[in-house]
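Worksheet: the structure to be examined is printed underneath.
Per-chain residue numbering starts at 1, and chain names A, B and C are given in the order in which the chains are listed.
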């Protein structure tokens, strides 16, 4: 940790500049935060990103549409399937492909499972941020269960490349429904256990209640979406307000917070896991038989034009903008990453909080640097 | 619903949508490009009313998205009115994209995607800039979320923003030469062996 | 107070029961001569157990307690955390994450190394005390992986720092990382054996 001294503008006291990152155990990736403090209070913060800028958008321009799915896996590497879905939906909209019913249901089941796995990672890591080590072990126990199921379906634990343009790669194994039912039973118990372990913990409440507050209007102005926006009391979930895939068929709620503090952002995610379980149960009951992929040419050549699609990834509003010039490679691919916009609001959230809470506020946004920097 | 009783009574509102799930067989799969739905066609109507001087090409439709073409000089006025006019109320700027048409038409196209949380309609606003002097007014004052998107556009495409000079690099580092997002910037050369 | 050894009420335990040598403890000790190892307590309790070359002895200790610099870069970091978390539990191998480079032995480079991150990585490596080892986890850290076309990615972390073990995969499973750690342990052990001939325990990376 480097400490520099700088004369303050507003008083004769001296503000300390503290550098946090890019290697720091609590920055959730390679993220650098420069904090100016007056005593214990944060005066100003300056986020620095780009330590994982891999140029994915540029590489997309040199790959065929089917190959790009693998690159989307690696953007938000905790919600992989949700990212694949966003890209495939955009290309399907451009090529006017009708996806078979069975594929749609499989997609929804896996995406919601991925949302649970992502929130479980958040739960574990956030407990660690707050100084509680046990939640991490519980969170990862549940996450491993989901990943085992993913492995049986897609063949990979993380980078699935399973959702393809027009459907999914292959049909689910024969014992899929049985496995998911068993997994849901475990997850239900697991979510309750995790909830009872941390949510009402006295010390956790003391550290997160009323910390890092952002109002709904401010959050919208900064472009915050997803659980972080809903925690501030704005009812906005793309699955409901601008439904894609088959989400309009399911009956589920949108958890909404009231204060917009760290605890709300945490608890919205816990509630979301319960709602995801509801969606999976409904989808599993209706899972039809039939084809798993539409007839798509091996080399996809969408007509010239552009398309923008919004989806709800575990972190918020994931947008994909594709410009096609009619060839087998896209002319331009732009990802609107939710973490990127959410991270901008950190400045406003951290204003006038204590330095000890900086890590908690940062953790509550649940950033993934892979999609912030792309 | 499944709320922990004592502490959060009345704290959480869960809005549940009542859908008619039995009618699923008639519902078309929504990933298909559909014509403009009601809220978007209403937006189109309102846009044509509010900007009567705009021609047919300037207010158009692409797939399910209403597209508004704007001159760089008028960008700030139109953004102001899109945000403050209660008929549009675009309170959320989703994304800023730069598309490089330098080789074909010698322009850069800025695409602003706006979303209204109140009405749930969305709009794409396109601004063409000449590639030899890509300068556009900054809309950072109107939507704060434009901050990093503009800095990214400055980094990767070399777009200059009026009102925001000397932008420090965001994704790249000090001393990086060239604008890697542009088509003219080469890929990394590698040897296959 | 003197103790009567022949009293039936007093029992004095004797360690020489292990070896069968009828000698009281410390019998070989004479002032001024130092402790004769042949007759030391250790030798009688654990005969011949701790006779080893000092290098190998240190290597045994080092390989059994590898502290990794907790330093996740990208996707592989999630699998690295998985390897440390409840299901796979890398603690079993004595591998503990440590947030500071000053006390770390191993740097696991888990993810894509981009040019902006190159200098911090070098700095972190230089801050680690000797002996230190590096595991390149995943294809990005090995040779750029899926980003081989990118303008901003370093094509493998071995362009910056010396690497001991490469773990393939994108990302490698936690089991693969555990196997990589075990390979590193083997390497530490073997290096110590070899160093007896070469005269130095550690590589001098500057000369390579």
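Assume contacts are C-beta pairs under 8 Å (C-beta built on N, C-alpha and C of every residue); 3 or more make two chains touch, one makes a residue touch a chain.
Note that this is a predicted model, so its numbers are computed, not measured.
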{"item": "Chain ID, smallest distance between chain and overall C-alpha centroids", "value": "A"}
{"item": "Busiest interface, counted in C-beta pairs", "value": "A-B"}
{"item": "Chain A and chain C, separation of their C-alpha mean positions in angstrom", "value": "36"}
{"item": "Separation of mean Cα positions, chain C and chain B [Å, integer]", "value": "52"}
{"item": "Averaged-CA centre spacing for the pair chain B and chain A, given as whole angstrom", "value": "20"}
{"item": "Two or more partner chains touched - positions in chain A", "value": "50, 53, 55, 58-59, 62"}
{"item": "For chain C, residues contacting two or more additional chains", "value": "116, 149-153"}
{"item": "Two or more partner chains touched - positions in chain B", "value": "172-173, 180, 185, 187"}
{"item": "Complex contact set, residues of chain A against chain B", "value": "49-50, 53, 55, 57-59, 61-62, 89, 92-94, 96-99, 101, 104, 195, 199-200, 217, 220-223, 234-236, 240-246, 248-258, 267, 271, 274, 282, 286, 305-308, 310, 317, 319, 321, 323, 331-332, 334, 336, 340-341, 343-344, 373-374"}
{"item": "Contact footprint of chain A on chain C as seen in their complex", "value": "69-75, 77-79, 81-82, 85-87, 97, 99, 101, 111-112, 114, 116-117, 120, 124, 146-147, 149-153, 170-171, 173"}
{"item": "Interfacial residue positions of chain A with respect to chain C in the complex", "value": "22-25, 29-30, 50-56, 58-59, 62, 70-71, 74, 77-78, 121, 124, 136-138, 140-141, 143-144, 147, 157-159, 369-370"}
{"item": "Interfacial residue positions of chain B with respect to chain C in the complex", "value": "172-173, 180, 185-188, 190"}
{"item": "List of chain C residues in touch with chain B within their complex", "value": "115-116, 144, 148-153, 155"}
